[in-house]
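Two complexes follow with chain A in common, the first pairing it with chain B and the second with chain C.
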Partner chain A sequence: MSDPFVWRELRDEYQLVAQRCSSCGVVIYPMKHKICPKCGKIQEETKEIKLNPHGKIVTYTVQYVPGPGAKEFGPPMILVICDLDDGGRINGILTDCAPDSVKIGMRVKLELRSLYTSNGLDVYSHKFTPIKE
Partner chain B sequence: MAGILGAGMYIPLRRVALTEISKAWGNEDIPGEISVAGLDEDLFTMAVSAGRGALQYSNIEPDRIGIIYVCTGTASKSPIASRLAFALGANSETRVMDLGLSARSTTQAILCCSDVVRAGSAKYGIVVGVDNPLPEPGSVDEMSWGAAAAAVVIGSEGMAFSIAGAKSCSSAFTERWTVPGAQFQRQTAFPRFTRDLGYLHHSSSAGSSLMTSLKIKPEDLSVVILQNSVVADRAAKAMNIPQGKVLRSESGKAFGDTGCAAVLLDLVESSSRVKGGDKVLMVSYGIGGSDAICLVAEKPENLKDSAIRLAKFCNDKTLIDYATLLRLRRIIGPAH
Partner chain C sequence: MLEVAVIGCGMTPFGEHYGKSLRNLVEDAYLSTIRSVDKGIDPKDIQAVWYGTLASSWASFPIPDFVGLSQLPVSRLENACATGSDAFRNACFSVMAGIYDVVLVIGAEKMNDEPCSSLWNYQAMENWNIGRSMPGVFALRATRHMHEFGTKREQLAMVSVKNHHNGALNPRAHFRFETTVEKALKSRMIAYPLGLLDCCPMTDGAAAAIICRADIAKKYTDASVQVVGLGLATDTSYGTMTDEQLVGFPTTTKAAKEAFQMAKLEPKDVDVVELHDCFTITELVSYEDLGFCKKGEGGKFVEEGRASLGGETPVNPSGGLLAKGHPTGATGVAQIVEVFEQVRGQSGKRQVADAEIGLTHNLGVAPEGSVGLVTILRRGT
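== the complex of A and B ==
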């Protein structure tokens, strides 16, 4: 992943800023779409929203194939798709959780974490962490 | 007048029992645990979580923050404060500062920030104290240093605690230092030297001087927060402070000595033990000296949610073994 790509995504990744479709209201994250992925409406102006970091797991898989940053962060890596409380279905990595503890419907929260290092510099993104009720 | 509006904190989930470390080195068992950051947690991620919590509990929008201080005694790859301001959603004109090299930098930042607020240069400011130390295996520090972040919002209205006064004590005393290229910090080989000329001298001088200047007696204080140390009781005695007034920090037992975050975590903990008008003496210590700050409880109940959150951090944990501790601190790892 190139550094300019990281720079372009920085606001979405650091501030959890998303976009809401002006027609159907679906939450779009990361907010780089000019066309709504659900209804196909062209977005004349960007309606920004702050994502609620709380949500629950819709589905997940445990990946045992080493991916980027695998030397430090895994495998195994738990990949989840989550519904956020104020709208938006996004995918990401579940951290601070053992593979045998993850469950569908589990409450989670997005926290900023290191994703991998590029040229010695950390690249950050939000990861899901379990919420203990 | 300026003071503390609200507080947030972040403590990593992973803990190692001190018995686990002493077992590895064949030493006597010592009770207690220390917090350990995960591989994907660092100074920046912990500071962001603590800063977000402080804004949430203070009910302040990030674009109203005029100045941000990040304080750490841990070496950082790059400046944290500017990235923290961005991650919090602060205005790009927000002033940002990184203070480091000493655990007392948090209290120094609180004093600087309160001066800025009093002068009217900023309506609100944030001070974040964060540490993720890398002690040498087998050292005394390995048994005491923990990872944590804590943040407070400073302002002039709706304060939980107002700042009544402060005094500092600095000297050329250097108990730790960093050698270029060395993985671990070095320290003086004489613990008594560090204890007596370092901690006891600076903290008791700053505390006594403040009480004299404010004309308050030790019995006027409700709670005394001393930077985490095994000789904190002796520092209290040197200031004629009754032992019962010194905060026996639960966070210290649960997370260890969290350096720059320690006094802020203790302040949150003390909020449940005071009522309006009570006085709290907070004395930090780090390389170079001490700062003593006298705080007056205005609306300590404003920190109630933060105190509940802190108690939750104390209880929520995953215990790890010594080998995992070394791996998480990147002392052992895969061959390159």
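== the complex of A and C ==
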């Protein structure tokens, strides 16, 4: 991935800034849109929101063969799709969790973590971690 | 709108063709297609070419040279893993519109020359790279389908067993071995719940078809195959994935609806299906998305043998992507090749008895979106 891409997306990624469609209310993340990808309504003004980082897992997989990209994505790696409590269905990595203990419905929280290093640039992003209850 | 007929189809055997270049593969597919035309065809009758490749060549440049037809209009088309059948679809449109009378479609991919590992490098355009593999992307759907509908890993394995059985009967399949549910379940875990035998291989290959205006088809063959339905749908869902997108591909449903409407047919009318089983879960959800059973009943559908050769709707008699292989740009065209031969009764040991109507389903998937394409073919009258 190019470094300008990382720079361009920095605020969304680090501060969990998202957008709520002024018409259908869907949470759009990442990226700002002038058109809602779900209902197609043109957004006259951007309705920025902060994501609530708490949510629960709706599905997961454990990759035992590494996917493409950085060596930091070594196996086993747990990938999840999560529904956040105040809206937003987010794809991400689940960390601090044993592969055999991940479950659908499990409570998780987004935390800022190191993702990988690119051309000497440390790239951070949010990863999901289990909430100890 | 003019009617379109397929008059010839051909393909290379699918496999790891380390000794063959893209040119060798395209030549072989093209020549077998020309030779499949019952009454023969002069290559000079071909007025245009649609060429589908995902990444094996740049633009349309190699084609006039490869097939020895300089100055032809060649359009190169790419639409993820649905590339081949979208090339076919656009070629059909050109004939329907009355622009050309005879058109060649080529799909080709030299997967094993590409600078990638066996898990294709896929990064969504507008999402940070988090190392997802293609098996991982589909596995996310499998886990959810199992959770929501009680689908079992054994039922996924049954898709693999069925398609490897069919592939063993197909001389052009990449893999020609049988397997068992037990072996599939014990195969090396790639992305839970998908093991190695739940995944298609990395395959080289090319396939081609010649289509023409239906009213001139008799010049070339007395057994042409009509293109009666075409449907395409695309969606993306960066951060807005719906519940339906977690357990299936709504683009398949939409494309099928469009194709069935155009053909004035229903799922129950279909005799033979070639669908996009890049992973076992993809075949299972596609039974549902195409309308052969209700959402959530895909596991039962395969378990009851309804998709087997001899079942009510035989699916992937060729062995599908799992056994025949998945050279991306060639895949959709090769599906057309299989259905063309099936409805003409030319499929040997894997022949579906008295198949008249066949459906192909080609699917392209990014982590959060898909391209669904459905084509319906019918034995000519």
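Everything below uses one rule, namely that the second predicted complex is superposed on the first by the 127 of 133 C-alpha atoms of A that agree within 3 Å, B and C clash if a C-alpha of one lies under 4 Å from a C-alpha of the other, contacts with A are read in each partner's own complex, and residues count from 1 in each chain.
Following the convention adopted for this analysis, a residue touches a chain if its C-beta (ideal position, glycine included) is under 8 Å from a C-beta of that chain, and two chains touch if they have at least 3 such contacts.
Computed from a predicted model, the values in this text were never measured in an experiment.
Peer 1: Once both complexes are superposed via chain A, do chain B and chain C end up clashing or fitting?
Peer 2: On the superposed model, which is not a single observed complex, chain B and chain C fit side by side.
Peer 1: Compare chain B and chain C by how many residues of chain A each one touches, and report the one with more.
Peer 2: C
Peer 1: Which partner chains sit in contact with A:Leu115 here, chain B, chain C, both or neither? Use first/second/both/neither.
Peer 2: A:Leu115 sits against chain B and chain C alike.
Peer 1: Give the angle at the C-alpha centre of chain A formed by the C-alpha centres of chain B and chain C in the superposed arrangement, rounded to the nearest 10 degrees.
Peer 2: The three centres form an angle at chain A of 150 degrees.
Peer 1: Once chain A of both complexes is superposed, is A:Val27 in touch with chain B (first), chain C (second), both, or neither?
Peer 2: second
Peer 1: Taking the superposition on A as described, I'd like to know which of chain B and chain C A:Phe73 touches: first, second, both or neither.
Peer 2: So A:Phe73 meets both chain B and chain C here.
Peer 1: Applying the document's definition of touch, where does A:Pro37 land relative to chain B and chain C: first, second, both, or neither?
Peer 2: The second partner, chain C, only.
Peer 1: Using only C-alpha atoms, work out how near chain B sits to chain C after the chain A superposition, in angstrom.
Peer 2: 13
Peer 1: Give me the intersection of chain A's contacts with chain B and its contacts with chain C, in residue numbers.
Peer 2: On chain A, the residues that contact chain B in one structure and chain C in the other are 72-73, 115.
Peer 1: Which bits of chain B are touching chain A when the two form their complex?
Peer 2: Against chain A, chain B makes touches at 13, 38-42, 44-45, 48-49, 77-78, 83, 86-87, 89, 312, 316, 318, 333-334.
Peer 1: Can you tell me which positions in chain C touch chain A when the two form their complex?
Peer 2: Listed in rising order, the residues are 116-117, 119-123, 126-133, 135-136, 139-144, 147, 188-194, 236-241, 246, 367-368.
Peer 1: Flag every residue of chain A that touches chain C in the complex, lowest number first.
Peer 2: Spelled out, the residues of chain A in touch with chain C are 1, 6, 9, 13, 18, 26-31, 37-38, 58-70, 72-73, 77, 79, 81, 88-93, 99, 104, 115, 125.
Peer 1: Could you pull out which chain A residues touch chain B in their complex?
Peer 2: Residues 10, 14-15, 50, 71-73, 95-96, 111-115, 120-122, 124, 127, 132.
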